[in-house]
Amino acid sequence: MATVRLIEYDEASPEVRAVYDDIRATRQSDFINNFWKALAHSPAQLQRTWSALKAVMAPGALDALTKELIYIAVSVANSCEYCTHSHTASARAKGMSEAQYAELLAVIAMAHQTNGLATAMQVPVDAAFLADA
Amino acid sequence: MATVRLIEYDEASPEVRAVYDDIRATRQSDFINNFWKALAHSPAQLQRTWSALKAVMAPGALDALTKELIYIAVSVANSCEYCTHSHTASARAKGMSEAQYAELLAVIAMAHQTNGLATAMQVPVDAAFLADA
Amino acid sequence: MATVRLIEYDEASPEVRAVYDDIRATRQSDFINNFWKALAHSPAQLQRTWSALKAVMAPGALDALTKELIYIAVSVANSCEYCTHSHTASARAKGMSEAQYAELLAVIAMAHQTNGLATAMQVPVDAAFLADA
Amino acid sequence: MATVRLIEYDEASPEVRAVYDDIRATRQSDFINNFWKALAHSPAQLQRTWSALKAVMAPGALDALTKELIYIAVSVANSCEYCTHSHTASARAKGMSEAQYAELLAVIAMAHQTNGLATAMQVPVDAAFLADA
Amino acid sequence: MATVRLIEYDEASPEVRAVYDDIRATRQSDFINNFWKALAHSPAQLQRTWSALKAVMAPGALDALTKELIYIAVSVANSCEYCTHSHTASARAKGMSEAQYAELLAVIAMAHQTNGLATAMQVPVDAAFLADA
Amino acid sequence: MATVRLIEYDEASPEVRAVYDDIRATRQSDFINNFWKALAHSPAQLQRTWSALKAVMAPGALDALTKELIYIAVSVANSCEYCTHSHTASARAKGMSEAQYAELLAVIAMAHQTNGLATAMQVPVDAAFLADA
């Protein structure tokens, strides 16, 4: 159960409904997921977060599926149960194959492992990695 | 400074040299980065980690650059300074453009933000996200 | 379900009951929340943790509500479901308004976002920030 | 050293300068800290992040100093060295006393400790904490 | 509910069954826990993870119980609910007494607390700690 | 550089000196490490933290070296550079062999890896793990 009540479309204020409508139009689906219904307690935060997400996740120099894979990777490392489930579902909706998912999991596992080792040994950053920036 | 001394090629045991040689051959470069030199205190761990990394990061259902972007995302979320630097360098070496890097950063920022919000509000996972698995 | 059985007042040892009694007196409520019932397996840890919490959370240079907001922020960043729920409830009991909660969430979201960006880009600390300490 | 070169005012594009100018006007100081100089590689991200930060950190239902304390708490829990330093400096600039800082540290320490305990014992959330939302 | 369906022995492929059989033989128990049933979607990942775990957790310079305590400590700090439960159960199965568990919890709590303090104050590493490596 | 000035013995107040004296007596060494010199700005916090640490880290149901290994594991997972260095030094001072250190690193790496996988797949906790508590 959330720390706040979820706000459904029917009881939402006009400004919240405007965001819900844009979510539906953008995704071409009637479904509004719980994250937005919780965020709707603060219409300004809802509007700011949705418009940023819409801009950031649109295909650009990276395609939409690659962006979802990166999103999952962050959400797992931050132990966010909600975001892990919602973005795994999004990635599948955007065409992630089971083979791609298996490789995503393998990279996530590998990165966690070497993150732990590099931090444990406090390995100094190679000068070569700093040269180009 | 690391918690262990870095082991250079010249002083390495034959089994450590064999891994160093394979790193060089695989990457077609003489450069051995500090992570492996630190890990070399445990030849078994060095060998296991390198062979897993080599298998996991090879192109497959996901291409090599996408895998580096995922690796960066995990490393940032885990606050691993070494891994963030080394995999950002690797991603550039594999062709990451500045436009792609900017979008990677935008997705990382977005995910951290919504991870914080979803965890703060303890948003319950929508049944729809659980239906397919 | 916890990794340990929760210890109720009726079955508690005298030293555990003494802590439970002090929790009740301090909070002016009969309610003992699950955290203490789990910790009660180690009476020394229970006593040490409760007395530290009581001292730390008392109003001082910072008021009691501000301390709860800080506590929530840490608990969210550490992905602690229990502590997020319990301290959100405490903050409300201490008078947190919905407007304050909305701003707390906005700051948490903002901080997570810039934490991710600063770590991803490994931004060096400005000399000006180090000058005063 | 950052993964990107820091962009100084003199070499910045007009849209980046516009953000730098607004930072200076808002803070009534010529100082632009490194975070913005790194973010300037992506003018859209710079603009979006600065305008969100400016809106979120302005005094409202919570005062500006309380918001900085919350920001520090998140940054510490996320192990963000840059943000910990920059927001500790900001809090001092906004009047944080040493007594307030000592209490902030005490709450941060307390929260980390009980987060660890609650997660280790997987304490179930009390029904009472869920009742009001 | 997992993001993937759990694969039971009866429906498993021969290579997955071979790993399940080795888990059963190694642990001298018919029980296969859910982690492996989820991982079984990628037989290569299942095989690599199990063989690494089997090698790493075998008694050596550290005994098997000490290794479980370390595993719990990592899992708690990473907020991994599954791993916290599974390795607490493993530690008990390997003889962890309630007194040992209480001390484990006390060290975990202490470490989280001082981690928070050291990171908050950005304490510089003493030269003496770096001298020997 | 720390966010606070380090307080040396010669300039310390009597109550801070009393803690420094106890640290020296307990460790049978004149060395006071930076963590305590930073914490000394708040004598109450210094006293509370030191006395808790002294009690928690004393040998009991777990020996002193095992406790250090657990402390390192937590500190690594929390990305605490200071604590990772200081407790690795402590573990060596208490007799940790290089073989033990290699196995500690291997367990840390393994745990991080499976934490990532279990969280990514949101594996449900087996009923068998919950049965005994």
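Per-chain numbering from 1; labels A, B, C, D, E and F assigned in written order.
The rule we apply is simple: a contact is a pair of C-beta atoms (placed from the backbone, for glycine too) under 8 Å apart; a residue touches a chain by one contact, two chains touch by 3 or more.
Small disclaimer: the values here were computed from a predicted structure and weren't measured.
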Discussion item. Hopping along touching chains only, can you work out the least number of steps from chain A to chain D?
Written reply: 1
Practice prompt. Chains touching chain A and chain E alike, please list them.
Written response: B, C, D, F
Item to complete: Please decide if copies chain B and chain E contact each other with the same set of residue positions, more than half shared, or with different positions, and reply same or different.
Response: same
Practice prompt. Working from the CA atoms, figure out how many degrees chain D turns to land on chain F, in steps of 5.
Written response: 120
Worksheet item: Which chain's C-alpha centroid is most distant from that of chain D?
Response: E
Item to complete: Could you find the chain whose CA centre sits the greatest distance from that of chain C?
Response: B
Discussion item. Matching over half of the contact pairs by residue number, can you pick out the copy of the C-E interface from A-E, B-E or A-D?
Written reply: A-E
Discussion item. Can you work out the whole-Å distance between the CA centroids of chain B and chain F?
Written reply: 27
Practice prompt. Would you mind pulling out the distance in Å between where the CA atoms of chain E average out and where those of chain F do?
Written response: 20
Item to complete: Would you give the residues of chain A that are in contact with at least 2 other chains, written as numbers and ranges?
Response: 1-4, 49, 52, 74, 76-81, 84-85, 88, 102, 104-106, 108-117, 119-122, 130
Worksheet item: Tell me, which parts of chain E touch chain D in their complex?
Response: 72, 76-77, 79, 81, 84-85, 104-105, 108-117, 119-122
Practice prompt. Within their complex, state which residues of chain E touch chain C.
Written response: 79, 84-85, 88, 98, 101-102, 105-106, 109, 116
Response to the item:
Counting only contacts in the complex, chain E reaches chain B at residues 1-5, 44, 48, 52, 55, 130, 133
Worksheet item: If you look only at chain B, which of its residues touch chain A in the complex?
Response: 1-4, 31, 33-35, 38-39, 49, 52-53, 56-57, 60-62, 66-67, 69-71, 73-83, 85-89, 92, 97, 99-100, 102-104, 106-115, 117-126, 128-130, 132
Worksheet, complete the sentence: chain C partner, complex, touching residues on chain A are 3-4, 41-42, 45, 49, 74, 78-80
